[in-house]
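Once you've had a glance at the structure underneath, I'll fire off some questions.
All chains are identified by letter, namely A, B, C, D, E and F, in their written order; residue positions are counted from 1 within each chain.
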Amino acid sequence: MYFEDYSKFLTAYDTFNDADFVIFGIPFDATTSYKPGARFGPDEVRNASWGLETFSPILKKDLIDVKICDKYNLLMEGNQSEIINRAYSASKDILEAKKIPVMIGGEHSVTYPVVKAVKSVYDDFAVIHFDAHCDLREEYMGNEQSHASVIRRTYDLTKDIFQFGIRSGDQDEWEFGWENTNISMEMPTKDDIKKIKELEKPIYVTIDIDVLDPAFVPGTGTPEPCGFTPKELINSLYLLEEIKEKIVGFDVVEVSPHYDIGKITSVTAAKIIRELILTISK
Amino acid sequence: MYFEDYSKFLTAYDTFNDADFVIFGIPFDATTSYKPGARFGPDEVRNASWGLETFSPILKKDLIDVKICDKYNLLMEGNQSEIINRAYSASKDILEAKKIPVMIGGEHSVTYPVVKAVKSVYDDFAVIHFDAHCDLREEYMGNEQSHASVIRRTYDLTKDIFQFGIRSGDQDEWEFGWENTNISMEMPTKDDIKKIKELEKPIYVTIDIDVLDPAFVPGTGTPEPCGFTPKELINSLYLLEEIKEKIVGFDVVEVSPHYDIGKITSVTAAKIIRELILTISK
Amino acid sequence: MYFEDYSKFLTAYDTFNDADFVIFGIPFDATTSYKPGARFGPDEVRNASWGLETFSPILKKDLIDVKICDKYNLLMEGNQSEIINRAYSASKDILEAKKIPVMIGGEHSVTYPVVKAVKSVYDDFAVIHFDAHCDLREEYMGNEQSHASVIRRTYDLTKDIFQFGIRSGDQDEWEFGWENTNISMEMPTKDDIKKIKELEKPIYVTIDIDVLDPAFVPGTGTPEPCGFTPKELINSLYLLEEIKEKIVGFDVVEVSPHYDIGKITSVTAAKIIRELILTISK
Amino acid sequence: MYFEDYSKFLTAYDTFNDADFVIFGIPFDATTSYKPGARFGPDEVRNASWGLETFSPILKKDLIDVKICDKYNLLMEGNQSEIINRAYSASKDILEAKKIPVMIGGEHSVTYPVVKAVKSVYDDFAVIHFDAHCDLREEYMGNEQSHASVIRRTYDLTKDIFQFGIRSGDQDEWEFGWENTNISMEMPTKDDIKKIKELEKPIYVTIDIDVLDPAFVPGTGTPEPCGFTPKELINSLYLLEEIKEKIVGFDVVEVSPHYDIGKITSVTAAKIIRELILTISK
Amino acid sequence: MYFEDYSKFLTAYDTFNDADFVIFGIPFDATTSYKPGARFGPDEVRNASWGLETFSPILKKDLIDVKICDKYNLLMEGNQSEIINRAYSASKDILEAKKIPVMIGGEHSVTYPVVKAVKSVYDDFAVIHFDAHCDLREEYMGNEQSHASVIRRTYDLTKDIFQFGIRSGDQDEWEFGWENTNISMEMPTKDDIKKIKELEKPIYVTIDIDVLDPAFVPGTGTPEPCGFTPKELINSLYLLEEIKEKIVGFDVVEVSPHYDIGKITSVTAAKIIRELILTISK
Amino acid sequence: MYFEDYSKFLTAYDTFNDADFVIFGIPFDATTSYKPGARFGPDEVRNASWGLETFSPILKKDLIDVKICDKYNLLMEGNQSEIINRAYSASKDILEAKKIPVMIGGEHSVTYPVVKAVKSVYDDFAVIHFDAHCDLREEYMGNEQSHASVIRRTYDLTKDIFQFGIRSGDQDEWEFGWENTNISMEMPTKDDIKKIKELEKPIYVTIDIDVLDPAFVPGTGTPEPCGFTPKELINSLYLLEEIKEKIVGFDVVEVSPHYDIGKITSVTAAKIIRELILTISK
């Protein structure tokens, strides 16, 4: 009729029951150490998605052919542990309904309840992790649930962790990574993906937007120079086509709009989500 | 449940049928001469409204006690005249349902279809106009439907126009105003309101946010120094309590988020809307 | 010799033992609901202080004649309760040494440990509170130590609370305030100060920078339109000369540099601190 | 003397009659869908040009040796079709005088009147198009003269269209491009230029600044991630040396200063213009 | 014809010989201590002037009826003393031609060569000075020609100095002012103007934009809170109507666009210039 | 204890006597031609350094194992020549104490007094220069000590100059460079380093941050498109490991925070300093 509703992610107007993908945001950033603001990420990414086309000329697929539901954001009431529990329950419901959660952060700590839900539903799983930072601290500033510890906590759930694009961490984190996770300073290669495929496990993908160079994503909490270009990252994501049946969920986190001149970070995050949904979708 | 929806204006989650007030945006700015961007106003004002409380300590009323529906934004497809027609039809439907339209602009030209709908439904009516600019040009840059002509076009519909806070115009506009409209460089007084009350006509209120000084609303298209403070404007709006049964609709236009440091313009527009709804509501 | 150190607040280079005033920051903002960033407030206020002169032409006093020590910021290690305890201990040490703590926030929740230290050292005391918001919530988003609850928590320590400039709160907060605190929507008058003087109690002053209108302090977390000008606030602070012997500490909180165009919020906070130190000092 | 005039493009102070190149701006952006502001592009590009040297160390040529006239901007009076007509007439006059128009946009729709003038003066011609977007829509939002349709409209004038760097469009546009234009997701190769040379036709070059990655040109209306670097684009432009006698005009459009942190977009546009003038000039 | 030139100040397209007022900029800020950028002031003020009407509804006069020439900016070649000499010669030429120089800064130090030219041409004269700062330092950071010394240097030329709006300085400056100049923390009154009129001397007016509160002019080098509103300043300027025949020149300085969100500082400076030209003009 | 001091560069809390590296800033930018603000560089780089880890995963070394003293900034009192003399004396003291000065600018002209001190202490030496600009002007705007002349002045001290990444200059500068310095438009190769090594001379390294592309360092005074990525620059710096015993000092200049969205320029400068200190240190 007269009005139009652009409040959800581009094309994501299917119902929960109809949907194959369920987008939701976790607008949380209480533990960010350097520059806060990631709590505004989910809404900005939704908003920026409308600046994109629905069609991917590389994948030759169109978002309008995919069933997607956008549930807006997780309710933020309560303390950090109540929020984490709610995120866990919500993720579990989505996973149990055999739908793919697409979570938009928020700071990286919000990935933990989602992978915990993956653990609960699928028991065993592997993680593909794109980030500038190791996030392998035993604790950070006295907090075991900090964004800087999220992959260490994930390691408590599964030993099959594959880290890409990492270029920052303290000495302990690097040593932990070199010994225990498959930590790489580069983007994944076809061989890396082959190795992951051979595990034959459900896979969760977590993308900290700061894996990209700050020039491409100025809107992030802890910018680390010498990162990757969006082209390099998205080309890597196309490799996941090989294991697409195994991917049970993914997230894009640490978009922090307050530093995001021209909204280029949000639109990049939205494009990553579009291309990854299209890569995974049938 | 797990999720929450903050995509509408604060508390505006009633259905159209239940609502006494119907909020909608017209995200249009194609004719703006100086600094464009007002098309983003409606969404930013909605977003900023969540930074406010629902309760007004001065009016001692609460938005949660008012029935409000937010229809998001007018569909922007088609050329300027198609959009104007759609805005007219939408406004007419709301007015005919005996509901109060609360339109968020967009540039000031979008007020015209709404007042035309008021004309169509109520036949005779008066206009209260807050603005820095006369908006009385016969045409502007060759366009008769420009934001700079909106009150001149309105004058074609009704001679009962009351302009407040005006401080800029070309010589012809001022002369037209001095002769034909009740043009004032100040905020309205009790006497002004009394005079309007005596007309015993339906009243439409249009507020160009730039009636305020640019220091308070940096996010606007044509900032004009020497304006009013939000306190002065809102205190004036409280005077409308005297004629609240007569007010059939209102708008707040020209919020342009790209220049809006710290979002202070959007939050001011949202507060104006909250206070004016509460002033008018039973 | 060759180098100079501008890392402390203007002139604040005395030792702790020599000082009458002890400046310190609490760079904490984890509970801020709307726009985070207050954690960067203390450093920005220090930095901005160097844009001011040391001399006040109204008070005809000079900061260089006052003994001031700047201890930089509170260590932020640990969870919220550990940080609060550290802030409490630090404040207590300063107060027990008969020095005046000048705390720079940080979000408003950081005021609580300081007033708790005042309670511990002086047993009975009164609070003068400048703010746009009541901050009288029993709890906020499930957190009893939130910035929105800080005056309610303070009310657990003393009933002698005087609130000025308040213009926002939910209905419960206002009703609590109208019954239990001396809540005013205006700046204090001489009569207000006289009434406080008659209590003959130690006084703590807490200033949320958002008591000022967002136009003057765009750099704050929850901008609320219709506020006061810096001139109005500072003129009110001059009234405290009458009770200066009774003032045992003060703070300025909620400066959030990320929205602070031209650093005008930080320089305003620095000027408030300069004028209040000079007002209180012998 | 005492004063200096920096209001024109770097060195562009020749008269129209003396000049080989005629720079002019078309400060128009009424149809931009996403982020307006391109109307300020021409003045900002002029301004930024003064941050560059006049000498190109790669081409070993100097702008001071080229005859250039800068006519400032097209008069913006009248509606869109009057402005388009004026742009057409102005371009035609320049082309008929055997001078090379260098048009600075404005949104991409302003290219249409210039290519129409090329058609009128040279009858047959080819177009080299650098862009992130296909711009091949039959109509966009009900407007056939939209920026998103400009190359489709150009296709009505000539079938010899060569598109480079394209990475966004809807499915219909891509299919139209794959069938009808020489559409490429990459920068031109020597072979591409050879193919164009063999046409032996006058050539017009249109460069939408958003062909570059948003990190390099944040100041543009519809940022599309995964673009090219200025080095890649300018190296491609050097290839045009091969066909320089055939180039009859060019433009750089969609520079939108409001999102242009540090003015890096404007200075990049200015450098493109400098290098392209020097490449083409004798 | 087809093109239009907006590169000069609004309406200032008369020739030097025809003009009664001669606008020129001095884009210099090398001595600014706190936040540089005033060198960009003149161009931004010109640009912003086009956002204003030419007609003043209060003075009921129109800029189009005044003969004004805009010479762009002073050539910046050479060291500080060469630039000062050039500014002096240029000003002298304008004054000797019986035209009124309207200088746009640039930092405040650029006022000195202009008043020196006034001294040279008129021998005796008085100065009206609007500023937040005394600018009475004997030297600043080792520089006697600093912006912070400009009125002290002016005092070497004339003892008839009237300072208004001053609210910052070191103790020595204030003591010098209290003894030697007519220093006021307020805007001028009718009595002040009467006193100046009685001197029967040529008058030069220098306006440092920072006399206004930083909320209204965020784009300035040394923001000092607790300033005046544009309305208060411009109302004061209207008082100069009484002495308009005596005013031989004026300037507006310290507009620094880099901090000028929404360009509100530049447009305010442009409005001050429009109103002061109209006040003085026949 | 309770407080922590983050006012120095990351880990740089050793005393002068203990230190092997001495960091100091020269916050000077008076001669910058285009966009001023470099005077704020040193403090911002210090501040941004805390967003980095102390450990380099590529070099596998940690800053905490290096003895570094941070002396804050050079005293800025006096005119340009006094400041230059002070910078010279300070640098000489550091060099004579056999410590490595790490100077943070400030505009590039501040490099001159440091290399003059190197000349004085070591007599003969070579310079490695990373920059977008030649900086080889005989004089600039009448100033022989301008940032645009700094390498020409350095050439008066030593003929062994190696310039990398240069992409802008006037024709005279390029001709001078092609004849007299080892000027390259690229990053250094192993062969370049070998050639420098064979000189067997003390080496000073000066890095103008604008050698990087403006997308990566928007916060700089004269952005020149088509630059290098931080990865390319830092990989080049690793090559200096080969000559690390010969390096007697280095600087990073032209960081100008006012244009530095998301502080990405400052953090890049800080990372360059960390990696270069770690490369050089034992």
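Everything below uses one rule, namely that contacts are C-beta pairs under 8 Å (C-beta built on N, C-alpha and C of every residue); 3 or more make two chains touch, one makes a residue touch a chain.
Worth saying up front: this structure is predicted, and the values here are computed from it rather than measured.
**Q** Would you kindly give the rotation angle relating subunit B to subunit C, two copies of one sequence, based on a CA superposition and rounded to a multiple of 5 degrees?
**A** In short, 120 degrees.
**Q** Taking CA centroids for every chain, report which one is farthest away from subunit F.
**A** B
**Q** Return the distance between the CA-based centres of subunit B and subunit E, expressed in whole Å.
**A** 38
**Q** Averaging only over C-alpha atoms, locate the centres of subunit C and subunit D and give their separation in whole Å.
**A** About 55 Å, centre to centre.
**Q** Determine the centre-to-centre distance between subunit A and subunit C, using the mean Cα coordinates as centres, and give it in whole Å.
**A** Subunit A and subunit C have C-alpha centres separated by 39 Å.
**Q** Of all the residues in subunit B, which ones touch at least 2 other chains?
**A** Expected reply: 35, 76, 213, 215-216, 259, 261.
**Q** Output every touching chain pair, sorted by label.
**A** Result for touching pairs of chains: A-B, A-C, A-D, A-F, B-C, B-D, B-E, C-E, C-F, D-E, D-F, E-F.
**Q** Could you pull out which subunit F residues touch subunit E in their complex?
**A** Going by the criterion above, the answer is residues 29-31, 35-37, 39, 76-79, 82, 141-143, 258-259.
**Q** Within the complex, which stretch of subunit D touches subunit A?
**A** It is residues 34-35, 166-171, 174, 185, 213-215, 218-220, 222-226, 259-261 of subunit D that touch subunit A.
**Q** Would you tell me which residues of subunit A are touching subunit D in their complex?
**A** By the definition above, subunit A touches subunit D via 50-55, 57-58, 62, 213, 215-216, 229-231, 234, 261-264, 267-268, 271.
**Q** Would you tell me which residues of subunit A are touching subunit B in their complex?
**A** 1-8, 24, 43, 47, 71-76, 86, 89-90, 93
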